[in-house]
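One chain, chain A, appears in both complexes that follow, with chain B as partner in the first and chain C in the second.
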Partner chain A sequence: MLQVNHINTFIGRKKIVKDVSFRVNPGSIVGLIGPNGAGKTTIMKTILGLTKFTGKISVENKSVTENDHGALTRVGALIEHPAIYPFLTGLENLKLYSLDEADMNHVVSLLGMTSYINNKSKDYSMGMKQKLGIAIALLNKPQLVILDEPMNGLDIEATILIRKIIKQYAAQGSAFLISSHVLGELQKVMTNVLLITEGKIIVDQPIDEFNRVSHQQFRLLTEDMPATEKLFRDNRIPITKTDNYLLIARDQSYPVQDILYSHHIRLLELSPQGLNFEQTIVSLLEQQRRQNHEK
Partner chain B sequence: MKNSLKQEFFKFSHQRIPLYGVIALFVLMLYSAVSKSGVSRGIVAQGFGAGQWVTIIMITIASTFMAMEYQNRTIMTLFYKSSHKAYIYTAKMLVIILYGLALMVLSFLITVIFKALFVGNRYQWTTSFKHSDLINALLMSLTGSFIYILFIVTLAFFLISWIKNNPAVVGIGLAIIFLGAAFSSVIMGNFPSLIPLLKWNPLNMIYVINQLMIPGYFSKISYLSTDQIIIANIAYMIIFSVFGYLIFKKRRV
Partner chain C sequence: MRTNLYREFYKFSHKKVTWFAPLLVLFLMVAFGFATGKDQPQLLAMTCYGSSEGILLTLIIVVSSIFSMEFQNHAILTVLYKSPSKHYVYLAKLIVALGYNLILHLGAILLTFVLTLTGIAKPISWLAVYQYHQPLIINMLTTSSVDFITATLLISIIFLTSCLINSNAVVVTLNMVIIFVGNDISYNFLLQNAHLADFARWNPFNMLDLTKQYYNQAMIQATSLTTFQLIIGASTYVLAFLMTGYLVFRKKRF
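For the complex of A and B:
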């Protein structure tokens, strides 16, 4: 479906996206996660041929370039803000891009927009505009849908509805690339995690694998915590400091015991610590930041 | 390309601004008809100032039509949904030029009606006017105006792609229309030795509106022959279109 190979994107002289590669398969819902300024929107814009880039992007084996968007005929997107003409009604906005009237009416009814679709869109609330933006992205049975913060401005009912529609389209074979700061929402739909920071992808995994491997950390307590912390930092062992404990990755638990033993620091507790999705993401980003800093 | 044209025509026809343009043209031509006592042959030959009024309307509408894509943030959707950016730029320009042509036809019809209302049978369309007849002078004036519309529309698209600020583009356009000709004459008057070069300056191009109607008189002001001023206008149109498109294409959205 979507294949991104070694892309680099520049804004001015600054490299925003650094050697990024990933795939999005039919039917998958890929969550693009990262802090502000990590390059999420830039990656999405690059896929849509809206920025200058090096590397290769292809949709259904057809190349996307900055000046040739022929491969994007069945790609829908909502980037940053809904792209709406305020002087047109909701339906007229959809008609601009629709190739199939039946499909357009289906999207309108699916999103529950029938009652106001013939009103001028300048009179829409923020949530209505957001829904219209999503409707535009879902037109013409897209093979790939790119959504940047799709839940912005949506109330709880609309959020649940959009989640359901995304799953429904994915079940029919559409692929999704979604970025959101509302990790809880994203976690409920995504099949794959793409974690990005400072323009680089640091995690690209199916969500089940990510949950199985990354969610487990170990909680560590010793009789001399300052010395332990120093020791780990000297040995470049990634740690996260909490109020009373140090958190270490599961695969670091055996070397840690050896190091403590060889330095005669008594271990008081080493126990598995379950992290929720949000904590895991934060922890991974912190580790990455530390590694970058040490470099 | 066909799809881009359909889209742009749909957007343009669903806005109020084309209607406002028509109303403004009617009101301004009416102003020209009633502001002086007695309608002279010159006023009729100039289509009650249609050339100047349409040009002002066109710079405003052309600039607004392109600027709305940036204001509504629809430019991104437009870009990725269209297989080539050139289609968008060309389609928008064609729609605006066709609208300009429609305004010229409309201004001809309004002129015919106003002449019947305000002049009656005092003089006929076949009455001589500056070595021609009145109807021919009117048609030449409107043709000259249309050539200048091509210049002004392509300039508006070039400027809006470059500075993305609609009021600024309209301001520059109005300055060119109202002050350009006088400024050009002043420069050429002050530097007579540079006239062979300065006569090609873009501010001088506005004389095409009147030069087609009264070639003998206006070629002495513009220092360009009628053929030269037509070719120069078209050359500027091509230059503005090419550079405007290149900026539009490269602009980060």
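For the complex of A and C:
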């Protein structure tokens, strides 16, 4: 479906996306996760041929370039803001891009927009505009849908509905690339995780595998936590601070015991710890930041 | 390309300003009719009741929004990725603007025929020989054609400034200044720098006097160019501005 090979994107002289490669297969829902400024939106824009890049992007084996969007005929996207003309009604906004009226009406009813679709979109609430933007992305039975923060401005009912629709389209073979800061929502739909920081992909895994690996951490408590923390930092042992504990990677569990013993710090607890999704992401980003800093 | 054109025409035709701005042309034509209709009815008919100024104003108001609506409504990304290439977007917008220009001129011709029947101005004979040893109706059609070139020059300037500046208000103001003050700047510059005239008379502001010079040949004193030279200059600038605008649009980061 979507194949991204070694792409680099520049803004001016600054490299924003650095040698990024990944695939999005039919029916998969890939969550593109990363902190602000990591390059998520730039990657999405690059896939849509909206920025200058090196490397290769193909959709259904057809190349996408900055000046040739022929491969994007069955790609839908919502990037940054919904593209809505306020002087048009919701339906007229959809008509601009729709190739199939029956499909357009299906999307309208699926998103529960029937009651206001003929009103001028300038009168829409933020959530209604967001739904219209998602509707534009879902038009024409897309093979690939790219959604940048799709849950922005949506109420809880709309969020649940969009989640259901995404799963429904994916079950029919559409592939999704979704970025969102609402990790909890993303976790409920995605089949694959793409974690990006400073323009580089640091995790590209199926969600099941990611969850399995991410649980391999240990929770640590000693009689002198400030001294322990300093000791680990001095010894370059990656740690994540929680309320009262330090989290360490499973493979560090033996070395840390040796270090603590040699510094006469009594170990009170060392137990396997399951991190939740958000904590895992934060921990991975912190580790990566530390590694980059050390380099 | 057909899809791009359909989208552009659809948006353009659904904007109220597209339909209301031409009322400005009608208003100015009627005002001109009352102002000069008794003294110079033939000149009034030749200039389509002075429709040129109204058409230029309308074009500034309407055409400048062709690009700015995409930026203001955050729609430019969708417009671009839904198009096979950036030049399709630019070309479709240009065709819509030129089509609107043509419709405004045809509308002005039609209104001129209607207004001559209303008695605002003294009665005229369309077949009487007036300027250039030609019947008045030919004078009027040629003036409209020449004005179409002047208006196209303005469209090319609007396209260039719209690609450089995202704000509609700034684009409108800048182009208003260009059409109302541009030719005065050119005239005064030529007057005070006679030694540079050979070169400076080809400046783009000078070309905006093309229509005026066609119906008032004394304008050659101000422009220092023949009407034919003005047509060549204006056409060259149209191409140069449109191509520069396209290059800016192509390189622009969205």
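In this text, the second predicted complex is superposed on the first by the 259 of 295 C-alpha atoms of A that agree within 3 Å, B and C clash if a C-alpha of one lies under 4 Å from a C-alpha of the other, contacts with A are read in each partner's own complex, and residues count from 1 in each chain.
Everything below uses one rule, namely that a contact is a pair of C-beta atoms (placed from the backbone, for glycine too) under 8 Å apart; a residue touches a chain by one contact, two chains touch by 3 or more.
Because the structure is predicted, anything quoted here is derived from the model rather than measured.
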item	value
Partners on chain A (chain B, chain C) - clash or fit	clash
First, second, both or neither for A:His69, with chain B first and chain C second	both
Touched partner set for A:Ala77, first chain B, second chain C, both or neither	both
Chain C-contacting residues of chain A that also contact chain B	11, 45, 48-51, 67-70, 72, 75, 77, 79-81, 83-88, 92, 95-97, 136
Complex contacts: residues of chain A adjacent to chain C	11, 45, 48-51, 67-70, 72, 75, 77, 79-88, 92, 95-97, 136
Interfacial residue positions of chain B with respect to chain A in the complex	7, 10-11, 14-16, 68, 72-85, 249, 252-253
Residues of chain C that touch chain A when the two form their complex	7, 10-11, 14-16, 69, 73-87, 250, 253-254
Contact set on chain A toward chain B in their complex	11, 45, 48-51, 67-70, 72-73, 75, 77, 79-81, 83-88, 92, 95-97, 136
